[in-house]
Amino acid sequence: MRASGRAADEMRPIEMIPGFSKHAEGSCLVKFGDTHVLVTATFEDRGPPWLRDSGKGWITAEYGMLPRATHDRTGREAARGKQTGRTQEIQRLIGRSLRAIADLSALGERQIRVDCDVLQADGGTRTASISGAYVALHQCAHWMYNEGWLERKPLSDSVAAVSCGLVDGQPALDLDYVEDSGASTDANFVLTGQGGIVEIQSTAEEDPFTEEEFLRLLRLARIGCDTIRQAQDTAIRSYAG
Amino acid sequence: MRASGRAADEMRPIEMIPGFSKHAEGSCLVKFGDTHVLVTATFEDRGPPWLRDSGKGWITAEYGMLPRATHDRTGREAARGKQTGRTQEIQRLIGRSLRAIADLSALGERQIRVDCDVLQADGGTRTASISGAYVALHQCAHWMYNEGWLERKPLSDSVAAVSCGLVDGQPALDLDYVEDSGASTDANFVLTGQGGIVEIQSTAEEDPFTEEEFLRLLRLARIGCDTIRQAQDTAIRSYAG
Amino acid sequence: MRASGRAADEMRPIEMIPGFSKHAEGSCLVKFGDTHVLVTATFEDRGPPWLRDSGKGWITAEYGMLPRATHDRTGREAARGKQTGRTQEIQRLIGRSLRAIADLSALGERQIRVDCDVLQADGGTRTASISGAYVALHQCAHWMYNEGWLERKPLSDSVAAVSCGLVDGQPALDLDYVEDSGASTDANFVLTGQGGIVEIQSTAEEDPFTEEEFLRLLRLARIGCDTIRQAQDTAIRSYAG
Amino acid sequence: MRASGRAADEMRPIEMIPGFSKHAEGSCLVKFGDTHVLVTATFEDRGPPWLRDSGKGWITAEYGMLPRATHDRTGREAARGKQTGRTQEIQRLIGRSLRAIADLSALGERQIRVDCDVLQADGGTRTASISGAYVALHQCAHWMYNEGWLERKPLSDSVAAVSCGLVDGQPALDLDYVEDSGASTDANFVLTGQGGIVEIQSTAEEDPFTEEEFLRLLRLARIGCDTIRQAQDTAIRSYAG
Amino acid sequence: MRASGRAADEMRPIEMIPGFSKHAEGSCLVKFGDTHVLVTATFEDRGPPWLRDSGKGWITAEYGMLPRATHDRTGREAARGKQTGRTQEIQRLIGRSLRAIADLSALGERQIRVDCDVLQADGGTRTASISGAYVALHQCAHWMYNEGWLERKPLSDSVAAVSCGLVDGQPALDLDYVEDSGASTDANFVLTGQGGIVEIQSTAEEDPFTEEEFLRLLRLARIGCDTIRQAQDTAIRSYAG
Amino acid sequence: MRASGRAADEMRPIEMIPGFSKHAEGSCLVKFGDTHVLVTATFEDRGPPWLRDSGKGWITAEYGMLPRATHDRTGREAARGKQTGRTQEIQRLIGRSLRAIADLSALGERQIRVDCDVLQADGGTRTASISGAYVALHQCAHWMYNEGWLERKPLSDSVAAVSCGLVDGQPALDLDYVEDSGASTDANFVLTGQGGIVEIQSTAEEDPFTEEEFLRLLRLARIGCDTIRQAQDTAIRSYAG
């Protein structure tokens, strides 16, 4: 039994509110327990410079955290004049994860910019971001298709992400902040709805981990991503019928 | 009659949700119609360097806008590596407005950092920020007093802000984005609950304005700030009894 | 009687030297007592990118202060790598004030860049800047017209600015540094030669101010701007006949 | 058979020259084929601020690439004024990998700064960096111990890293630049000499990968890291007997 | 005969106005023809960190140019967020030149900051800066001695600088902007009042120059620096008797 | 006799390895004793913007130092976000020196970027950089000519650089770090193979120097540059026959 009362393979309550933003072509407020991320997807009718005349589009992501999303206040990146390495690492991960399930040729030379802004943080902000970003991206693609920008739908699969870790030597799913801080190994998995692996990032915080331990974390991740996918499906059905 | 159907002296619906944030000592989600700002107030047990040994504290503010809070996406300030002049102007205004109703000696050598982050923008983000910031600041001061950090309460009055303008030659209260874009004069007023004036910023966007026009805007601002003050009072009573 | 011996409604001695700069199309060294600002206006035969194909031009301003313009040395902004919020606020104000009296269509797709550099500061640098900038701008427009760049004159009115404040509870005109530091309310007014109001910025430094106090400051500003306008007229006649 | 003529599980020729730098307490020029990285380890007799009074030390890493280390010239980060997200991601990875095999308490409140500078790049610069950094770190720790800064040796294990990937659908070890560019999945593994896993980063560049494919890459990584460890041992024996 | 009508060994008219600034401990407005530089010297009662406990002081310089000091407007360094290489090169040169004639021990652990700001440029801004900076520095040292900060006078010699060059193959003294732009060799000399050489910077803009040509430029520099020294002496006598 | 055992007019051992880099069109690892600099020359088939339609090309240089090239570690410029004034001064010097012996019209509208990166520093890094850069530049020009990019060879002369100084009152050639730190005068000379002078930078670190002393340093520089030119010739013959 974990401190939170959850079972080892139990996700925190998931909530996904698509269309949360008045202005964006796609958006989703995603909650994994007390971790709340507002994701928007913005359509742009031109691609990045390096894809000019390629016929292909692009999906990119940015990530930010409100200063008091965290337990102690974190200095505002805009005020310090640069993004931390952590921020850049996360936004690169989100972008890669979304592109992995997209057919960039189907977009034509257009770009979708996904913004993930953490309103409140309690562990797992990057995995909640990816999971919510899929919904915002889907809504944006849905809008593009309905508005006649696309000839075919650009998403061939869904994508979800979850963190797992070894806490007090035990594998646990969807770590909250307290668990994450105390975990000896921390792993983030990005999986598609069809079961493919998009990204694995597994890090020993103290002692190295074994292959067996790693595989147990992967098992948990599959369970968690199934749960997330169901929440994603429900969110998508609410506007896409 | 305005495009929105509002009367000239009619505010948009106001909503204030104190304690919106799990972590912050004070917080408030404030809505002026479709303008939504999340304000947090963070307590720090040390003042800024320039007040060392003065016995006085400080209240400072930062302001930001999520990239897709606006109709078109605005580049992320953290990514561009600096805050715009507009952002700096607004956060300086918010800080001054809050300090105007505070007894900085009552804080001792401590600091309260107020963060105003616009989740969705539809005109009047700076005035909504100030109005919500008062609630977050009050809640933070309330917490400090209850926790024994303060010997006396540091806020001697309340503060609210509203924008007014000349739209199609007619004075109007609490401009939304469309009205603001078309206004020939735009004025922001910061008033205290007891009727004092803290700040006036009135700008001719095209033709200069007259003293009479200005005074009519000030009349509207008094009406608007009364309405805001009632919403603030309700919000405060919800946690302070 | 004020510490300086001036009456409440008395400006400091004003001096305006147009054509101070050898290179600029328009320039003016303006002195309000010990506050000295060198203003240049630079003609550019292309407008800013966002006005392309609009047929309209632009007037923009930058502001700076020599490091030892002030009583204590202020760090050089170029060395620190960014402009302060105060600098940005001031240069935005100067630009708005000048555009308010200009017919931007008469410029065609061209730009005038106004640079205000404070050589010596003793309070009121932003109001001296605006007042001198009008002369430099006028001289630049005069040059453009004479050189055949313009079909009609782009300035329809003149503009001047002055600071007022409550010092020891008494309204006073054109505050010097010592008065400004001790004022409980500080207000900057930008007025046109025909009496229109372009901008009001009025701030309570400590206690809020009343509407009556504010109106007394506005009265003083009208007196001050009349005096400035006469100095501007004299300066302009010296080269424009 | 791969384009380079190597077998699937064959590393490029490895060369490690410890003590390459005249000034540094530890250093190693490491070559994985045409990828050449100069690593130095610098001893500092004080730890980072956040470990003050903890009794513990720190190991941190920075990473850079000479502009023409790459096939096409890459702009110099110092000239552009900031490090890319890729650079920050890599230097965070190197630091974590080294700390995973170190006893930070044994360092006392001291810091070792590891600099990895790529002189020539042909794929796998981050894994060559980690592998060479272990030698430079070891030499620095050896020096510290001999000089009497340490009471006990701070490294409890060795660490090595290698990249693997799916090239034309086939698993391959230690990808060079051409292979890396064409790989559908790219994985970096950081393993200890005793077989523990410190970090896994596995990314689908196009299609998702399967668990089985991933495990085959892990097998190759174990083979590669064994080879690297032997080169490390040889290098260390050259100065440590 | 030069385009300006000057003889080969003739300086432009020199003007030096000490005490030009109201606030600074030392100041000088220096004019070499149409090149005008405002120099201030600021006293600080603490040295730079790297001289702590050395008993020695420091003299440092900064250099800037108003945007429209030049024929075409130059972008403001503060707005671009960094100083150019040229600016940094010049301010390092000014600082070295002043330190070369100062007894830093006589200053005690104090610093003098010299700011050279070019109000109008017509060639030779760095040499005018150094020459005027000597007067401002002298006035500041004079003030420090009179105020009792110093036990002995810190300046043992005077320093002046001038540019020379090969224009149309002929050596010429004190180049103006037009001459400087067309010179095939450009040399700056910093000489002391007693005839010692502090700095030589001689650059071939196109073809290399010969030793003989160089020596002829040095002869001219000696003549020019004599003239400058007389202007410096006159300026100094005006306040130091 | 110097501390190093060298005679006053004796260079340190010089080594030049052309073609050191696998990717660059020209490259040279140059060693002046323990000072090691890796120079690459990169061909770009377009010139800088300011030479568009001029028919001329450009040669530019950048300079950097690995953090632990120095005895104590120097902070990485990329991490600090800007290049120091020293770095900018050096890279401007290198660029000027190379352009002085090149016929920029012969390049056409193309650019050669020279990167000088100091792997290990022991005094004289800028003069070693220039001397090695000549070889890398030559090799790049050789490549361009052979590949058919050029109609005629663009280098009309060779260029070399060396530092001299007064150490303990005695002139000495090619100062190492210890000598350089203790020299009372430090001079860098850039000379062409035909004996012309491209650049002189001579600085009094403490007391001013005399013309006679200066001329003795120039004599030494001629001796040193002869030696360097022989090493350059040998290096060039190794690939150019």
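For reference, chains read A, B, C, D, E and F in written order, and residue numbers begin at 1 within each chain.
What we mean here is this: contacts are C-beta pairs under 8 Å (C-beta built on N, C-alpha and C of every residue); 3 or more make two chains touch, one makes a residue touch a chain.
In UniProt terms the chains read A, B, C, D, E, F = Ribonuclease PH.
All figures in this text were calculated on a predicted structure; none of them were measured in a lab.
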- Distance in touch steps, counted as few as possible, from chain E (Ribonuclease PH) out to chain F (Ribonuclease PH): 1
- Query: chain D (Ribonuclease PH)-chain F (Ribonuclease PH) contact: same residues or different, taking over half shared as same?
  - Reply: same
- Fitted rotation between chain A (Ribonuclease PH) and its twin chain E (Ribonuclease PH) in degrees, CA, nearest 5: 180
- Item | chain A (Ribonuclease PH) and chain C (Ribonuclease PH), separation of their C-alpha mean positions in angstrom | 51
- Note on the structure: Here the gap between chain C (Ribonuclease PH) and chain D (Ribonuclease PH), centre to centre from mean Cα coordinates and rounded to Å, is 59
- Message: Can you compute the centre-to-centre distance for chain C (Ribonuclease PH) and chain E (Ribonuclease PH), using the mean CA position of each chain? Integer Å is fine.
- Response: 33
- Item | Residues of chain C (Ribonuclease PH) engaged with two or more neighbouring chains | 81-82
- Chain order around the ring, beginning at chain E (Ribonuclease PH) and proceeding next to chain F (Ribonuclease PH): E, F, D, A, B, C
- Query: Considering the complex alone, what residue numbers of chain B (Ribonuclease PH) touch chain C (Ribonuclease PH)?
  - Reply: 82, 84-86, 88-89, 91-92, 96, 100, 157, 187, 191-192, 194, 196-204, 206-211, 214, 218
- In their shared complex, chain A (Ribonuclease PH) is touched by residues of chain B (Ribonuclease PH) numbered 21-24, 27, 34, 38, 40, 42, 44, 62, 64, 66-71, 73, 76-79, 81-83, 87, 113, 115, 117, 119-120, 122
